[in-house]
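Shared chain: subunit A. Partners: subunit B in the first complex, subunit C in the second.
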Partner chain A sequence: MPSETSVMHSNRDHQNAGTLLGLPRMKGLLLCGGMLGVAGLVAWGSGFAVLLATQICVLWCFGLSYQLLFGRTGMLSFGHAVNFGLAAFATTHAVRWLGGPGGWPIYEILPLFGALAGMLCGLVLGYPVTRRSGVAFAMVTLGLGELVAACFLMFPGFFGGEAGITLQRTTVASALGLDYGRSANQLVLTSCWSLLVVGVILWLAQTPFGLAIVAVRENPQRIEYLGYRTASVRWASYLVASTLAGIAGSMSALTYEIVTVDSVSLHTSANVLLMTVIGGAQSVLGPLVGAVFLTVMQSVVSDWTRAWLFYYGFVFVIVVLEAPDGIMGLFGRPRGERSTRSSMTRASGYGLFAVLLVVFVETCYQLTLGEPTQLPGWQDLKPPELKAILLCSGALVAAAIVLWLRSREVQQ
Partner chain B sequence: MDVLGSSLLNGVTYGFLLFMLASGLTLIFSLMGIMNFAHASLYMLGAYAGFTLSHLLGFWGAVILAPVLVGAGGCLIERWFLRGLHARGHVAELLFTFGLAFLIEESVKLVWGSGAVEFRFPPALEGRLFYAFGAAYPIHKGFMVLVAVLSLLCLYALIGYTRIGLIVRAALTHPKMVENLGHDTGMIFMGVFGLGSALAALAGVVGGAALATEPSMAAQLGTIVFVVVVIGGLGSIKGAFLAAMLVGLLQTMLIAVDLRLVQVLPLLASKSFEVLGQVKISQLAPIVPYALMVGMLLARPRGLFGTRDA
Partner chain C sequence: MSALVLKGVHKSFGLTSVIRGTDLEINPQERVALIGPNGAGKSTLFALISGQLRPDAGEIHLNGVDMTGKAPYLLARAGLGRSFQVSNLFWSLTVRDNLTCAAMWCSGQRLGMLARRQASFALMQRVDDLLETLGLSERAHVKASALSYAEQRVLEIGMTVASEPNCMLLDEPTAGMSKAETHRVIELIKRISTGRTLVIIEHDMNVVFNLADRVAVLVYGRVLAFDRPAAIRSNPEVQSAYLGQHASQSALPHA
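Take a look at the complex of A and B:
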């Protein structure tokens, strides 16, 4: 179905044809700020903050690979975690094999094993799946992801069964003589590799290859007519994306020192998809925003409420409906499209709605699960009061949704 | 022999459940081009709605009312969300239904808790229908098959022999022409989406009571239903039926086989294939449907009975 892809992206080409970041002036500032943040964390940060930052780097890297595949080439994959997870397993086996006294001091280049494994995945699995595009590609990758995830009980030697396999990163010596038992050093290494991946993505965007994949997304028929083989271009894009995902996978294995079958499953594929779409699949900073969002939700908000997945899904749905280019896409919109005042009104409207929704959801949770929520003062409320709050906030949320749908109808 | 027979029976029963889900999904897919990721979530919503309604109205009321409610919900989803997304292409719709599936699962946990709820058939359906292959076949499984067959016949009659069905079939192949003739294709889309949702919810009420009503039930069936639709061919109810039977039988039959791969394929006896040869055939059961789906999409994207490519 070639026509669908051209329809799908026709609203984007004016914004992002020239710049990859969507924010050319701010990109340097943001990157410098990020690096300063990493340096600050390494110097003074607590162990938890360092771990969060490492996780953000890993997810950014993974998201960047997905962005190349989905955002640039227009291939919606539901099985991208296969490349990530298999590379994580391969790295773990490499560490277990190479580790121990007398091994080579190659810790810093271990992600290359992941890249190699990802590249192999891209070569072997990528070839058949990229013969198709559009919805068929989405379905094939979904099937492939489930296929690989279902294999884990068959090969307990490789996947380690339910428990997964573990490694100890200190068993491989460092070439630079650093102690990677300290999580701060791991953070520095991970952010260096992430920046390398960012560099690769930015460089690729300017090459003929980078232009060809966008062209295949925009108008496959015409590209075919010009003499390219679209399937080969898609395969090349898949190959690069799986290689980069492999780097991310091996960094995740080294960070957590454990890999389970979850890392190849649909769950992980869904996470990278949600994260990239929320952040914005069109810019390099989009996956970073998505990675920060996912990490904050997963590690901070989840301590505060059990409904964090609900909020996560809700944000995703809102982004898909209202902001097709994600959070970064909101910043990249041309000025004058909406006045500052109306966007302020919109923002406060969304804020009010978010507060109402949180009150509704948390009250609902407290009533169904019988566990007090973290909303201040909510612990002392009795069930009748809670029910009254539930009804009121529910009615308001419903009214807000109806109003919002109305305004969408008017816009259309 | 007993094992073979009883897994044959169970496979057919499971196949009928899959078919109820797949028939709605394949209709929606072929008409609107939407791979509805939330279809299995509507199945789950049907089960939970049935659970709540069965407390208020009894089981029989729930069997009738839950599909109606979920079908109406499906209509609203199409009218309010999917219709607006249509102009942005299939990928946006796919993303939306994917997010919706996620959201429905979390909402179900929010309302009914994260564990399984106690949803059972009424005592009238609990007895044994007949005794075969050394095991009793319960009435409720027979009821499941009956519901599936009845809904199949209704659907077949509706699509094949009524005026509404005629318009829907025309909209499948020539949507622009149908619109030009003065039919409201928006209404047709909404109706078909609602009908598919109602069928999924009906499967949910019956399947939820037969298996388990829990928040993971959507994820368990979600991708398998895609497999059925893809193998059967888009838009083909006949194909969906055969594929549902095939997948249902394969899954239940393979689990019952207590052999290792090397015993079936002596080729694998050599040392280098030892890992592969030691794999049990029963372990292949979860893999085979996906392998079939991937193979089918690559070799014959239109499926067994489809008329166009995925």
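Take a look at the complex of A and C:
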């Protein structure tokens, strides 16, 4: 029988665990909002919006798996896409084998194949890479990623060579009798799996495993003297992360109906890292914010400007320098710190700088590429005017950077 | 069977020989104080016993099992606990989480993923009891980094005992503490070390002679004497080698 005090403690602990993971009330509100949004999209959304929402769900899952590895265990991996991509290929082959008339109606649980493939990756590839931590781990994962990507051209039978490999998701029958040719149904399925992954992440945070991985991040030396072998804890974390990444990879394959070399590439590994850091590596909502940001940049802003990657990189640099806990970390700061005048001034300073930078970059693009940019009124400007604007905004940007560097030196 | 045995342990760093044939045999549930002048190799000896360093030669037995050169986690699982001279905590975790981490492996929770930590009654009970013993119940939800220095030292000891070791190594647990704090910590160490073997590095001679069943004097990597406090006090060799540095008689309280 638990004594009264211990029950009290565990209750308090529970509340504490709730606040640790971010802001419970806000999280609930956002979750409800997200579900309403999904429902709205399913009912009335355009195909494009539904596809974007599906992509966000997939990236959220992928980001959550990376967060477990990077945010919680402190393992900076440059090859997390390996698990994602290999699981995507495994799912594709599973669909090819299982699909067709007379196959089992198992469409809804296809991500389990991805999870299994991810787990196998974690077992086989995870063991050697988790023997080391820190910089060595980062290097080894980078090499592993390149190694797996190199296999694409060596085993075209499995990976489909440079063209990749396609599938048709409607060939596998649905257990619920839904038509997954409709992208709205695919969105519902993907968001359900995403919620499951979120649930797993939240659950794990409260288990002994969840505390052990944080302890390994905090002080790997001390935890060794408490009976834990850090390499094993890292392996366990890698295993769980790769399993969850497998689910994400599988959903990505089913959503796009094609898997190419890009899904295991360094590019995808870098994206998941950038996304998680921009959103916040500590809160479960961080990867969601990052996923929304990445998707909007990739699919919406990229239509608007060719310089979207530049802006994406710029935001990453600013987040790393000014908000190391990501966008969600800003919300977690104490109220007083958030609303002080200096931080308001700083925020408006960044806003102003961003506007200047956009003007500079867009003008530069219009001048060098000869294509009019989407800035209102810019299409009618003549080259001499453009050059003047370029010089002015360039000078201002340079001056702002110098001022900013000065102010940082003063702070230190 | 002895709790801890060191046989001819050697350790050198480059050309500097730090531990030069140390022999020590500690009985179960004995409290041993390890004293010696600065640079005698006390902390190095702890690092060797706890697996942080590997001895160049010699053997280390824990509860009759040869554990020479074994990794720290294996030693910890075999029942060895150690504290650090400079507090070595999980700084961003709360006091409660620090102790939970320390107690998790031995309470059988290990890397469990299927149940919440709070679901293990044995683990929660252990942590609650420890918080009570350490006098940190009120501070359970404070981050380790926000504790006062003395509280951090107490938590450091608590982390060592949380894993239920049968042999504890405490490296200067009272370093930098006021007289009142030192007194409280020594009372705490007495309480938590009952039923365990204790080896403690300590500079305060009052503490040493008050706490220890036997005192080992380490000078230049060798055990010069290992005997009851009274015998150590009157040992002329010890007085000249170590205690002679300070005005020998005044440093030794005649209880």
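One rule holds for everything that comes next: the second predicted complex is superposed on the first by the 389 of 412 C-alpha atoms of A that agree within 3 Å, B and C clash if a C-alpha of one lies under 4 Å from a C-alpha of the other, contacts with A are read in each partner's own complex, and residues count from 1 in each chain.
Throughout what follows, contacts are C-beta pairs under 8 Å (C-beta built on N, C-alpha and C of every residue); 3 or more make two chains touch, one makes a residue touch a chain.
From a predicted model like this one, the values you see are computed outputs, not experimental measurements.
J.: One more residue to check, A:344. First (subunit B), second (subunit C), both or neither?
T.: neither
J.: With both complexes overlaid on chain A, does A:236 touch subunit B (first), subunit C (second), both or neither?
T.: So A:236 only meets subunit C here.
J.: Between subunit B (first) and subunit C (second), which does A:109 come into contact with in this model arrangement: first, second, both, or neither?
T.: Touch status of A:109: no partner.
J.: Per the contact definition in the header, classify A:388: touching subunit B only (first), subunit C only (second), both, or neither.
T.: A:388: touches no partner chain.
J.: When both complexes are superposed, which of subunit B and subunit C contacts more residues belonging to subunit A?
T.: After superposition, B is the partner touching more of subunit A.
J.: Should A:221 be classified as contacting the first partner (subunit B), the second (subunit C), both, or neither?
T.: In the superposition, A:221 contacts subunit C only.
J.: Is A:147 touching the first partner subunit B, the second partner subunit C, both, or neither of them?
T.: It touches subunit B, and subunit C stays clear.
J.: Based on the superposed arrangement, let me know which partner A:206 touches: subunit B (first), subunit C (second), both, or neither?
T.: In the superposition, A:206 contacts subunit C only.
J.: Can you list the residues of subunit A that touch subunit B in one structure and subunit C in the other?
T.: Residues 5, which sit in both footprints.
J.: Tell me, which parts of subunit C touch subunit A in their complex?
T.: By the definition above, subunit C touches subunit A via 50, 71-73, 75-77, 81-82, 84, 88-94, 96-97, 100-102, 104-106, 109-118, 120-121, 123-125, 128, 140-141, 159, 162-163.
J.: Give every residue of subunit A touching subunit B within the complex, in rising order.
T.: Going through subunit A, the ones touching subunit B are 1, 4-5, 7-8, 11, 74, 76, 128-129, 131-132, 134-136, 138-140, 142-144, 146-147, 150-151, 153-155, 157, 266, 270, 273-274, 277, 307, 309-310, 312-314, 316-317, 320-321, 324, 361, 364-365, 368-369, 405, 408, 412.
J.: Touching residues of subunit A toward subunit C in the complex: what are they?
T.: Residues 2-3, 5-6, 9-10, 12-14, 16, 203-204, 206-212, 214-215, 218-219, 221-230, 232-233, 236, 240 of subunit A touch subunit C in their complex.
J.: Over in the complex, which subunit B residues touch subunit A? Could you list them?
T.: Residue list for subunit B touching subunit A: 33, 35, 80-81, 84-85, 87-92, 94-96, 98-100, 102-103, 106-107, 109-113, 223, 226-227, 230, 275, 279, 283-284, 286-287, 290-291, 293-294, 297-298, 301, 309-310.
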